[in-house]
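Chain IDs A, B and C follow the sequence of writing; residue 1 opens each chain.
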Amino acid sequence: MREALLALFLSSAEPLSREHLAALLDDDPDCAGWEAALEMLLAIGEGPLQLVSVAGGYRLQIHPRHNALLARLHVEAPRPLSKAMLETLAVIAYQQPITRPEIEHWRGVAVSAQIMQQLQERGWITVAGHRDTPGRPALWVTTPDFLAHFSLSSLEALPKVMAAERLGECEKRIRTKHDKKDIGKVIII
Amino acid sequence: MREALLALFLSSAEPLSREHLAALLDDDPDCAGWEAALEMLLAIGEGPLQLVSVAGGYRLQIHPRHNALLARLHVEAPRPLSKAMLETLAVIAYQQPITRPEIEHWRGVAVSAQIMQQLQERGWITVAGHRDTPGRPALWVTTPDFLAHFSLSSLEALPKVMAAERLGECEKRIRTKHDKKDIGKVIII
Amino acid sequence: MQVHGQPLEGLPDGLFIPPDALELLLESFSGPLELLLWLIRRNRMDIRDIPVAEVTRQYLHYLREARRRNLELAAEYLLMAAWLAEIKARMLLPVPPAAEDEDFDPRLELARRLEALATVQSQAEALHTLPQAGRDFWTIYPAPHPDLPLAPPLVAFIDIVNAWQELLLRPARKPPPAHTLTNPRMGLRQRMVELLLYCRREPRPWFLNELLPPMADRLALAVSLLAILELLRQEALALVEGEEGVWRVAVAGVDGLGDA
């Protein structure tokens, strides 16, 4: 009976409601006890499948424990980031936590909600809070996944970058005293 | 491992080839021994499922022992193919790549644009190029979906067919020995 | 699917056709060639040696019957009749003595076309007998796999650094809408992000000592304090005064004590 029930769910594009199942199975003496089998499926699933209750009935889906493997199968080919996305990501990485208006200030152009959403979907940025200023803008930060993807131990490991003018004045002072590694630590604050 | 393999097949709308599976699984130490699991699946299936070799890969389908039940679920049976569609499809399948005028030559009648479109909508035929003759007529071929629908592992698996009339002298011999029904089996018509 | 020929096998031999059958018969044919093939098969004639006179006689009989019953016939049916008549006429001519081989048989082209059609019919029938999805078996409908992570974008780390460098090198811009740290010290930023995420774990204000790292050295303590102060200054965190006059820190907007 469990098998027949699985066959129905597996071949169906739509979720199956309890009523639909009853209409299909109640009159069939071979299918007696299907309700118990359904409860079992709901409770413990079957192999890599779990039965979930969705609008309109039940449907089988792959248990999320296989997501890593499935992600390899269902990859959309990785696409390069657009320049706008790249700049936005760079600003967030170096200036976090940061609001969208501030990102726009750094980039000098408006940042579309779509860009923020796409970066978010990739799992590299997230909202960490809100600034308590008018409009309560969201504060964007990079995620641990972002660090992990680029093998960065922390944000401290982001390469130091300075604007040219600032570099000029600092350089003279520091060069005489410190090696390059120390420069970062001394001048950043 | 068996579960992971099942998860891949269960989530895939297309048949998966052995090469594709190898690319997905070979580097993963958790997936060692997937070939053995695949052989097992091919041999004995899993619950109501059987793994079949089709269109250059493997695909799960419901074991035919559940057909009666499934027919009750899928009440709107797919519309049967018209004779004209079936013949046109047969010409393309057996003679591909082929142009529309050539199809018309084989069938002895004009092929309507509607038939070509219906076959295309079912995803069974597609244009693979153009013949380098005046007018550059489109060259039609069948798709992997065609193989999948008709449970063919490849085009070589198309049933070998001889027209009755090609048999010429064979026919006379057969006729004396068999009744008409048997002729049908030998010569298909 | 009606298998060609089979529903028609019940027809009586000879030329008589019941009144309703002719229409069905002609409708089942895709064209004159198929009618001709059907006639040849029904008479068990050899396609390579067609008795043209007899076939033509029968073919014309069906055409006349159709006309008598006011059935519409496509022009190709008349074209075929003309072709048959032409073949019949050429068969009456003496074969040129120099070319007695088969190629000069006027029936050859007709035989070729009938053979092609017969082949197509066999192939169509072969396809029809193959197991078909949704008719003879059911495939699985691919099971959904919710919340699959998207592939990370294709980007080299150095591109991010360069993008930032380029932004910094751009001509001076107006002051930012909210004051931000312009000389980023990443240790501080890391701590700020961590603090924000930490505070959001529960919607309540936090005591200062909850936010400072335990067993930390002086530098870590200093950075944490600085991060809290910076977040307060940026108004990402807010100070909340409790009943006992104790100040606590809350994520901006979390009104744990009703006055954030």
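Miscellaneous remarks
Simple rule for what comes next: a contact is a pair of C-beta atoms (placed from the backbone, for glycine too) under 8 Å apart; a residue touches a chain by one contact, two chains touch by 3 or more.
On a predicted model such as this, the values are computed, not experimentally measured, just so you know.
Each chain gets a centre from the mean of its Cα atoms; the one farthest from the centre of chain C is A.
The innermost chain, defined by the distance from its C-alpha mean to the mean of all protein C-alpha atoms, is C.
If each chain is reduced to the centroid of its CA atoms, chain A and chain C end up 27 Å from each other.
Inter-chain spacing, taken between the CA centroids of chain A and chain B, is 39 Å. Distance from the chain B centre to the chain C centre is 16 Å, each centre being the mean of its Cα atoms.
The residues of chain A that reach two or more other chains are 10-12, 49, 62, 66, 70, 74, listed in rising order.
Multi-chain contact residues of chain C (touching two or more other chains) are listed as 138-140, 143-145.
The touching residues of chain C, counted against chain A in their complex, run 138-141, 143-155, 157, 159-161, 163-170, 173-174, 176-178, 180-181, 183-190, 192-193, 196-197, 199-200, 231, 234-238, 251-253, 260.
Interface residues of chain B facing chain C in the complex, by the touch rule stated above, are 7, 9-13, 49, 59-62, 64, 66-67, 70, 74, 77-78, 80-84, 86-87, 89-91, 93-94, 105-109, 148-152, 158-159, 161-166, 168, 175, 187-189. Of all the residues in chain C, the ones that touch chain B in their complex are 1-2, 4-5, 28, 30-34, 41, 44, 46-48, 76, 113-140, 142-145. On chain A, the positions that touch chain B within their shared complex are 2-4, 6-8, 10-12, 24, 28, 31, 46-49, 62-63, 66, 69-70, 72-74.
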